[in-house]
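Some structures are shown below for you to check.
Each of the next two complexes has chain A plus one more chain, namely chain B in the first and chain C in the second.
Coming up: the complex of A and B.
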């Protein structure tokens, strides 16, 4: 009787504490995984931007081999190239994974590049894209800095011609969300978005995002 | 019987809850709190570290000659842009950057950020500071871009333009790195920093424009040239491939900037480099067309390329040694000779192409015209002799039967040096090996034991031993074509060696002189250090030649280009000379990668 009571009481106490403990445990685990993915995208964006800015030998994000490096770097984020795995993503060919990386060359069209102002450059005094390559699944996330029209992006190299970035309105990059950047040279931007971790009711982070500007 | 200890059950119950509460308060919650705080710190640290990376590499890449305070400014901008405002509630990072000058330029960036703590403040820790340090190094570059716009480039100009601009120019830092541009087909011309019509002062101490590569290549303040981007974008293809002259001009341009630095600072800390892009074999040589007189080696007494039976009134048959007077009666005509089609293509080649590199000021019009660019690097400005010629008898399109050309018995008239003093004969390069797009050897010219000798005309049969495959199965190659090809290959091979050896400095070779209408002309033995005087600290200049060979247009002479670059894979790799790289490319993507590889090799941007 006593033991039975005690056992019942223990179970009751456990039942009372269970929601709280579960919350704590799941929350911690969820936050942990969320953090893990958060750190992974920070690292992915950083590594991508570094490779991009260094323009190292044989590094060209329009090539399969370089994109493979990113797939490896992305770890368990689920970055995948196109379904066939043979054609590199450049633009518009969606990969099937759960992550996406955007690399973009941006440039500020100031007085030095457009001496005649808006007369020759419709995008005068704007940041513009000079290159855009998409690796992975673009439906996961769109670029937070803007999306140049597919029609002005070279489907093989991802480059945007001088005439287009000077005048095409979609080539304008929205850099207002970040602190002032040095103008006068090309900057290399990498953005990475990967899956967050969702613990329904406790932790809800459908995706994690990071960018790096080198 | 009731339990003797009634408190037992309730005690146990109470103890569990109390125990749990106690554990929660003293252990579990603080642990979770600590975990969360550490998580936040780790997250901020990671973001800051990425931002510092960006700051170091960015500041390194965009290094300017300005003071270190502006380097701190640039580094701070990069760090702040990479570190979102109030990331996890942290304060804006404090950034410091230090810069070390030298052959390898170093930028070190450090940043610290103060992060508020959520749970640890219970224990009195209100905030923590995270920090990160990053270092980037690079070399300061001086680059003379040498771009082939010969006829075979037709159709891939835009790919070349995009690759050169996106993968090389964009990697450089306007305002810091120095860039110049030489374009070539039949002949070559400097088009950046400024295109000038000849006469063109080749002296490296010449202070007139063009005065060597400069840092303003991305600004369009110069209406005569536009930016480097405009210039490269206006390249159109057409013509032969006079690679040796292009390299020589590039060398002269580099020297000007080198000497300028020496005069200003007493030192030159830049990496002097020539970046050559070509898509075929060299087949054109810049020469004095009707230069009389003996060459300095004493082997040839009449250097006139124009054959004696030519009706051109300015051909020279004697041993004329006078100077050009600029009155329209001059005996000197500088031009280029080459053959078409080149070895390996259908048809028999011939001595071909006669073009002036000079103006005839007395007539107010160009005599022949410029095969080189005028005023922009597009081929529509090319003209050939005869179109506006005041020279009696020199008219005629440059076909294989051109009256101005050498006959096959006058091959000895191929001068022993080109206009720039690069030897066209001797034990240089005579065995050619063309590699096509698939990496297959298209054909090989075997000429072991035979090389171009201006004093000796050998027959095709005796020149080519055994069952040698020349001309890609298109029949025997004519003697003069073969001789001329060897001369062009040799000129290029020797030009590269002379340049790497800084021949102007050491003064051991014959210099082609071209000082304009009132100056001297021809081959002059180089006798002293006059070309490089007045510069304190002058020493042999280290010049690196980097070559991109585009095989997508029928192949390049892979072996020759490796020699030109002094690539470690070259069959005559010389460890005493500056080592360069040769990067083959056979499609658009590889072209882009090749230019990126060159940029990477030049900048050595590292972190």
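Coming up: the complex of A and C.
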């Protein structure tokens, strides 16, 4: 009687434990491979932001040659540029790739840029976008800092005019938590999103995201 | 039956039962051992892959950072590409090794120079004179690094185990800083 009982016990215990063990195992696999992709987007965001911040040395991400350097850096994330010879993908014609990089030039509108306050600058005391370039497939992810309206972005250079970033509400960047810089100083932001790993029901991370600010 | 005899019989039965149970435990352990080892080594392999990738990525990033600021005097006779590859190998915790330990001869390491701002396509100027002029972009990559698995993957009992290696590629790039003492390019790529 006792032996029979204990045999049933272990089968029951095993059955109880199985879902947890399976979840743990598949979760480990998912998290592990997700981490590998995460390393890649971190590297991509960092290198992009660093290059983007070197605008003084004439690095221009609106040009396809420069964007293609990012494609080589992205490795197997699947960052795809529009076909060679076509117009650079400034504000994002949907590509077929599985990754996207947003670069944004951001500045703070303070007293010395807007001496009259909100009278002349609707965006007074806000972080605003002065440039936005999208590389890759924008349907993968939207920018986590805000999306200036396509109508105010120059389709060749990606720049946003002073009048637009001072007054257009969509030019406001959500930079919560960023320590204040001297007004007028630029921040160079690069965001990268690539494919994550999903093990249905156990680990769900369809995309991995990282950003760097220089 | 006397009490002593009865006890002896009970003892024998107990011993037999214990013996049987021990046999059963061995079988159970054998059954559980394969999946257990599989799970353990899978976890170890994933961790090992993440470690290798993180290490190589950190190595190329730091080596590129070194490469864009290094002077001719620091880079030495081998030039920029040699100095950068050597730095990456030294930072790779032994993953990249050439003919004599951490040197610049590991075949996975490649240095490319690009000219930024081309209007169409990427301009690889690696083979050109003045490829490493300040303002150009230095890219260091580890291409198709073959990482061995700690245990081969067994997909099925009637198939040979998968002993193939895991391929890792990493790359980093940065713009070469202006300098009064630009190093020679060195052998490419």
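Following the convention adopted for this analysis, the second predicted complex is superposed on the first by the 169 of 214 C-alpha atoms of A that agree within 3 Å, B and C clash if a C-alpha of one lies under 4 Å from a C-alpha of the other, contacts with A are read in each partner's own complex, and residues count from 1 in each chain.
Simple rule for what comes next: a residue touches a chain if its C-beta (ideal position, glycine included) is under 8 Å from a C-beta of that chain, and two chains touch if they have at least 3 such contacts.
Just so it is clear, the structure is predicted and the values come from calculations on it, not from any experiment.
*Asks:* Touch test for A:208: chain B only (first), chain C only (second), both, or neither?
*Replies:* The answer is neither, since A:208 touches no partner chain.
*Asks:* Can A:140 be said to touch chain B (first), chain C (second), both, or neither?
*Replies:* A:140: touches no partner chain.
*Asks:* Between chain B and chain C, whom does A:75 touch in the aligned arrangement: first, second, both, or neither?
*Replies:* second
*Asks:* Does the superposition put A:46 against chain B (first), chain C (second), both, or neither?
*Replies:* In the superposed model, A:46 contacts both chain B and chain C.
*Asks:* In the superposed arrangement, which partner chain does A:128 touch: chain B (first), chain C (second), both, or neither?
*Replies:* neither
*Asks:* For A:28, decide between first (touching chain B), second (touching chain C), both and neither.
*Replies:* A:28 sits against chain B and chain C alike.
*Asks:* Just to be sure I read the superposition right, which of the two partners does A:106 touch: chain B = first, chain C = second, or both, or neither?
*Replies:* In the superposition, A:106 touches no partner, neither chain B nor chain C.
*Asks:* Scan A:54 for contacts with chain B and chain C and give back first, second, both or neither.
*Replies:* A:54 sits against chain B and chain C alike.
*Asks:* Could you look at A:162 and tell me whether it touches chain B, chain C, both or neither (first, second, both, neither)?
*Replies:* first
*Asks:* Count the residues of chain A touched by chain B and by chain C, then name the partner with the higher count.
*Replies:* Higher number of touched chain A residues: B.
*Asks:* Identify the overlap between the chain B-contacting and the chain C-contacting residues of chain A.
*Replies:* Correct list for chain A: 28, 32, 35, 39, 43, 46, 50, 54, 57-60, 63.
*Asks:* In the complex, go through chain A and note every residue touching chain B.
*Replies:* It comes out as residues 1-2, 5-6, 9-10, 12-13, 16-17, 24, 28, 31-32, 35, 38-39, 42-43, 45-46, 49-50, 53-60, 62-63, 105, 112-113, 115, 130-131, 154, 156-157, 159, 161-162, 178-182, 184-187, 210-214.
*Asks:* Of all residues in chain B, which touch chain A in the complex?
*Replies:* For this pair, the touching residues of chain B are 3, 8-9, 12-13, 16-17, 20, 28, 32, 35-36, 39, 42-43, 46-47, 49-51, 53-54, 57-58, 61-62, 74, 77-78, 80-82, 84-85, 162-163, 165-167, 170-171, 173-175, 218-221, 227, 229, 233, 588-589, 592-593, 596-597, 599-601, 603, 605-607.
*Asks:* Help me check something: in the complex, which residues belonging to chain A touch chain C?
*Replies:* 3, 25, 28-29, 32-33, 35-36, 39-40, 43, 46-47, 50-51, 54, 57-60, 63-66, 68-69, 71-73, 75-76, 84-85
*Asks:* Could you pull out which chain C residues touch chain A in their complex?
*Replies:* 17, 39, 42-43, 46-47, 49-50, 53-54, 57, 61, 114-123, 135, 137, 139, 141, 169-175, 178
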